[in-house]
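Structure in structure tokens, see below.
Per-chain residue numbering starts at 1, and chain names A, B, C, D and E are given in the order in which the chains are listed.
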Amino acid sequence: MNLLSLNDVTMQFGGVVAVNNLSLTVKKGEIVSLIGPNGAGKSTVFNVITGVYAPTNGVVSFDGEKMIENYPKGKMKRLYAGENREKYTKIMLKRPDEITKLGIARTFQNIRLFRSMTVFENVLTAMHVRRTSNVFSAVFRINHKEEAGMREKSAALLKSIGLEQLQNMPASSLSYGKQRQLEIVRALATGPKLLLLDEPAAGMNPQESEELAEFILKIRSRYELTILLIEHHMDMVMGISDKIYVVDFGKLLASGTPEEIQQNQAVIDAYLGGAEDG
Amino acid sequence: SAEKTEKTVKIGVFEPASGDNGAGGKQETLGILYANSQTKTVEIDGEPYRVELETVDNESATDKAPTAAQNLLSRGVSVVLGSYGSGVSIAAADIFARGGVPAIGISCTNPQVTAGNETYFRICFLDPFQGTVLANFARDYLKAEKAYCLSKLGDDYSGGLVNYFVDAFQKAGGEVVSEAFQEGNSDFTSYITKAKNEGADIFYAPVSTEAAALLVDQASSQGLTVPILAGDTWDSNVILNASKGKNVQIYVTTFYQEGANPEFDAGVKAWMQSDPRHIKNNGGDVGLAAMTAMGYDAYYVALEAMKKADSVNPGDILIALGTVEYEGVSGSIAFDENGDAIRDRAYVKTADTESGSWKFVAEQTVR
Amino acid sequence: MSKKNNFILSGLLIAALLIGIYVLEQILPPTEMVFVVLQKGAIYALVAVSMNLLNGFTGLFSLGQAGFMLIGAYTYAIFTIPEVLKPSVYLYFGGGAIHFTLPVLAAIVLAGLAAAFFAYLIGLPVLRLKSDYLAIATLGFAEIIRAVFQWDALGPVTNGSNLLRKFQTYDSTLFPFVVSGACIAVIVLFIRSTYGRALCAIRDDETAAEAMGIHLARHKRLAFCISSFFAGISGALLAMFQMTVQASAFKAAMTYEILLIVVIGGIGSVTGSCLSAFLFVAANEWWLRFLDTEQYIGSFQIPLLRPGFRRVVFSVLVMLVVLFFQKGIMGRKEFSISRFAGRLKHISYKNKEVKP
Amino acid sequence: MKGVTQNLPYLFAGISVGGQYALIAIGYTMVYGILRLINFAHGDVFMASGLMMVYAASVLPVWIAMPLVAAATVVLGFLIEKAAYRPLRSAPRMSVMISAIGVSYLLQNVALYATGGLNQTYPAIPWVSDTISVFGVVTKRVTVITPVLTALLTAGLMLLIHRTKNGIAMRAVSKDFETAQLMGIKINSVISAAFVIGSFLAAVGSMLYFSNYNGIVPTSGAMPGLKAFVAAVFGGIGSIPGAVIGGFVIGICENIMKGLGWTVFSDAFTFALLIAVLTIKPTGLFGEKLAEKV
Amino acid sequence: MGDLLTIENLTVSYGGIEAVKNVSLSVPEGEIVTLVGANGAGKSTVLKSAAGLVKPKSGCIFFKGQNIAAKPPHEIVKQGIALVPEGRRVFANLTVKENLKIGAYLRKDDLKESMQHIYSLFPRLKERRWQLSGTLSGGEQQMLALGRALMSRPELIMMDEPSLGLAPLIVKDIFDIIKEIRNEGITVLLIEQNANLALSCADTAYVLETGRLVKKGTGKALLRDESVKEAYLGKARQQKRSNKNGT
């Protein structure tokens, strides 16, 4: 069953068409990778899925429901004059926080931790979205059971990636690689069904990215996650992906299993280059 | 060592030394200081008490006044003098009342200073009186038909004066336009333009001297030809300096007419000359402001009350104060049941812009 | 377990403080400056903490605090002036338009609610703005509110630009202490709750906070309203303290003063704000007053001392504190008894255990 | 015709005071553009410049006093930056702002102490403060000079910033001190330059302003400072043309409000206008867009 | 040729934590020197102290024989050092072109030629030269950061993970560029997580472990070192590499 599907998504910034009529689907439980040259529009796809940008056109559905839907507005609207006009100008957009609540969590390509908080608090804060208590009960500690549960879970999550030693350090004092790991844990803490990872292995050496790959596999099975991954480390992508989409200039260039992609000449020319890394 | 055993009584001086009314507050304080330099002791119950002045700066602000007042109380003053500017007096009135310390207002003319307050007295006339005097003067003497009135927003002094002026002026058959400017405003050209456009015959602006200096300058450069009228605050050398050599006509009401008591005039001038700081506080010269004379009188009224009470206890002084009668340099002083001075006379002066001095115009009472 | 101890310890400390004040009131004459400092300090502590909630914890740079205090102060004053005294207060407005009074506590709560209500209205357009733009917009709103309250047309309610007075006040220093203490306690509980953490997240990174499922607009508005609610209450207390209120006093300068307290105490530190509120008031109103009077040793006049010197010295002190305690007195830390005790223990046992 | 001459003074006053706001606003905008600091002390530098003129002109001829005062104001601005802001380069942004508020207090209080809180009369600058008649409206010559001078100074400044690498350097510094240093930019000099230019314009503004409104008290800088700051925000903080346009718009609007008799709301209207503009354009008229991609 | 940069007994601490402990290394003129180490080993810290961004607790840093340890960054840059900082740090509010211009802030000569050179290295940047660099994609920003450093025509260029976030094809280009730079006579100090590539092009390599220098050797030698392989190269790679080397 498709957990996530993008239909004809276009994202335009002024003259730049970052994503061009892209469609893709992610099945429940899969690890799907999105690869492509720099500036191909991968991160933009994430931003559209998570509601940071409203797409210029297209539909995003999650878990069988339309989550984001947009059709051309303004000048473009005239093209659709006629009986269907109403239909085509309909906008249905969810805010990023609503989308997170629905069960999509992400990491950022440029690390965005809560820098003044400790590692532990970073994770704890991400659990806020699953709270059941209102302000009143939170202020007057009527919800102390829930709070204790949140703390326990956070500690467990940190332990699972091996950050428990650092949990009382300010997040900003971690080295680059550790910060990336923390971002993943924080995303997990929102209790997602779908996890979007934007270059999680950037800044890690091959050994470390292998460990990260194992970690990703581990959390997938433990939390029954579906994962959409952007990554330039081909070892990792080829090693753990069930399916790969390749985009170039915002358009879909190819899709398929790792093996198929590795053999695809167009992909090799545009992205992978000579044999060495493939 | 004889000095050490000497008993003292403290008089609080509650005056602004900064802010909008700093200049006036300083002139009033000068009068008190001069009186203190003349009479340093007071005999109470057969014993001489040295009078100590405790000063505090109320910063011309109604939000700073309560703590300043509280500060005076904490220093154990027996009676308080001040303040220049009605707003701060009103704001501090309840603090003094709660402390049970009597206060003698010197030039705070707004009725609310003493209304409903058992411990506040004052030796000056009130706004209803002053406003009416000016209205009558404008109608009778200047034959004005239409008056433009300007007050400062949130300022009890100018607001009150305009209010009573408007009442009296309208009652006397005149027409009024009134506006208020905001704190911190230095651009009066638009108000002057408005007065001109409305065809007013007089420009009534009983505002603080700070604003007045700007107003006078701009009135002259905008070519405002009608007379400018104001209350007791304008009886100050700030106005004289601002108007000197300018093309403006200024009329003010005042409590004291220089020359009414030549001995006092000469004494205070000599005293000021003895210390450059006094001259600076007086605005750079020895021109005598009514406030100074009033401050002088207030000090003696306080001493009278102490003598009469034969005590330095604030409560006793309070009881005695109501019955004090005193012949001061600014006239005879006695209090009515409200604690207000019984006065029925004001002087109107005009600024001589050539020589930079005041010229007596008329003595005015209420019809 | 240690948390519980901490709780009990704090409780004891507060109780001791209140008893201390009570004893002080019994033995000292009520005109002592120490009471002024305690009262005004408590009131400023509350408004400083409420501002810290916005600026320090939520990262919303708001300069509207004086405006909300004004609303609180006026609301309280208007509804507690005894009926018989209204004619003398509303002298130019025929005794005013409101002809009933509320009990003191109800009026205080109403003061908070009124401020919060205005905050809600203002929040809708303004909270979308970022950093300094938000600051200037909130400052602007405070100025607009001040102008509205001075408007003659509202005179029957607000007494125009004239003073409001004769309303009910308190007579014990304990009153502002207890009220503002209780309010600060609620703010602290709020900050330490999961909502408080969400606000900190917004401060650190809005985009990331939103991606973690935090509804930005709602949380910001929540912080804004709560902060204003308590600013309103502190406004009511300030009115009681001053015994008069006038809109013209609630200027931007007042907001700056509060901001100064917040930053000197440490942005993001509640105890820092409280501490610096008392220090600020004490230095400004009490300790430095002597600098304003010319003083003599024998016949020698101590140089420099004359009116205005206090404020020069005070501003120099402020500058020194800012320059030498760049992160404020407390930084982002809180004073806590357990840590204090822990530090003592640390010295004796040298144990180095880190607890989550 | 009568209606025109009657209402022209409002417009004149607006344009003139608007120009003066503009000159002060540039100082705010330049400092903000680099340090992201609302330099609350700027209005007080403007006031201090006025006071220095009062004292200088009491011993020197005005024509000699003017350049001296301008130089002294520049030095003051430079020293303030060095003493109060430079030590806080790595401190939280809020601390720097408090330092600015502290400097503002200090300047006001020193002025209060020096003058004893008494109103000081600004010296008349010959020719500039003469009364003239334009279109039948009597006013001071400074009213006419201000907009012209403002336009000239702004044009010069724009050339300076856009024709040299310094303009880019300033914007780079504003984004990231560390990386700017890595480019070889001496951030201290760039920042000092902003303060020097800002203070110079404040000095010019103060000469024009106080020629028009010739009384100075310690708080004289507060209101023009706040208005100029609003002007800077209105135009989009960081943008020089924005600050200038903002200055004129606010000067004219407040005088129109006064002309309409809404004096109670003349300041409030300024703020209301500002908020209205900000709700439509959250970074002011010409403010730079936030270029942050996630 | 002599050493262009020499670091002697460098110790750096953040607050109480020592991130770099007593590290000594030298960068000979005209060579590529690389630092390898795990996350948090202190590699970036070494570069930052050489660039003057953090002040060492103790130790000396000599550049062309001068101790630059106490100098502010802008003076160090003037001496001829450029740093490609970790995390790109492009000026988001400047356009691509302005970023490149500001990279050449200290140069007085004509920039056209250098600009063309950068544009030819990264055509993508030319395409986007009017775009605000804050809106570039991660990889595009990385190219810009590299281009910006090259614009200053340094004698020593220090790169902190230049290939971070770049597509495999570009990564190869980057290493070609690095070699090309070296051939132009510019010395390179390189941090790279892609240890295989880094070591294979480096003349000298150092290994850092939790702030300490544990190994030094030629790039080729370390590539064959068992402990290095185990810690940094990853299993899959090792196998592949050994296969390749075998043939």
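Operating definition for what follows: contacts are C-beta pairs under 8 Å (C-beta built on N, C-alpha and C of every residue); 3 or more make two chains touch, one makes a residue touch a chain.
Each chain and its UniProt protein: A, E = ABC transporter ATP-binding protein; C, D = Branched-chain amino acid ABC transporter permease.
Note that the structure is predicted; figures quoted are calculated from it, not measured.
Undergrad: Counting one step for each move to a touching chain, how far apart are chain B and chain E?
TA: Graph distance in the chain contact network comes out at 2.
Undergrad: Tell me which chains count as touching both chain A and chain D.
TA: Intersection of chain A and chain D contact lists gives C, E.
Undergrad: Which chain has its C-alpha centroid farthest away from the centroid of chain E?
TA: The chain farthest from chain E, judged by C-alpha centres, is B.
Undergrad: Which one of the chains is farthest from chain A, going by Cα centres?
TA: B
Undergrad: Would you mind pulling out the distance in Å between where the CA atoms of chain A average out and where those of chain E do?
TA: 30
Undergrad: Report, in whole Å, the distance between the mean C-alpha point of chain A and the mean C-alpha point of chain C.
TA: Once rounded, the distance between the two centres reads 43 Å.
Undergrad: Provide the C-alpha centroid distance between chain C and chain D, rounded to the nearest whole angstrom.
TA: One centre to the other, that is 31 Å.
Undergrad: Specify, in ascending order, the residues of chain A that touch 2 or more different other chains.
TA: Answer for chain A, listing residues that touch two or more other chains: 43, 52, 108-110, 112.
Undergrad: When you check chain C against every other chain, which residues touch at least two of them?
TA: 147, 150, 207, 306-308, 311 - these are the residues of chain C that touch more than one other chain.
Undergrad: If you look at chain D, which of its residues touch at least two other chains?
TA: Residue numbers touching two or more other chains: 112, 116-117, 222, 264, 267, 292, 294.
Undergrad: What pairs of chains are touching here?
TA: A-C, A-D, A-E, B-C, B-D, C-D, D-E
Undergrad: Which of the residues in chain D end up touching chain B in this complex?
TA: These residues of chain D touch chain B: 6-7, 9-10, 13, 17, 112, 116-119, 121, 129, 131, 138-140, 212-215, 217-220, 222-224, 255, 258-259, 261, 263-264, 266-267.
Undergrad: Show which residues of chain C lie in contact with chain D when the two form their complex.
TA: 55, 61, 125-126, 128-130, 132-133, 135-137, 139-141, 143-144, 146-148, 150-152, 207, 252-253, 256, 259-260, 263-264, 267, 306-309, 311-312, 314-316, 318-319, 322-323, 326-328
Undergrad: Could you list, by residue number, the parts of chain A that touch chain C in their complex?
TA: 50, 52, 95-98, 100-101, 105-106, 108, 112-117, 120-121, 124-131, 133, 135, 138-141, 143, 147, 150-151, 155, 167-168, 186-187, 190
Undergrad: Show which residues of chain D lie in contact with chain C when the two form their complex.
TA: Residues 32, 36, 38, 40, 84, 87-88, 91-92, 94-95, 97-99, 101-103, 105-106, 108-110, 112-113, 116-117, 222, 226, 229-230, 233, 237, 264-265, 267-268, 270-272, 274-275, 278-279, 282-284, 290, 292, 294.
Undergrad: State the interface residues of chain B toward chain D in the complex, per the touch definition above.
TA: 16-20, 22-23, 26, 153, 179-182, 184-187, 189-191, 193-194, 196-197, 209-210, 213-214, 217-218, 220-223, 238, 241-242, 280-281, 283
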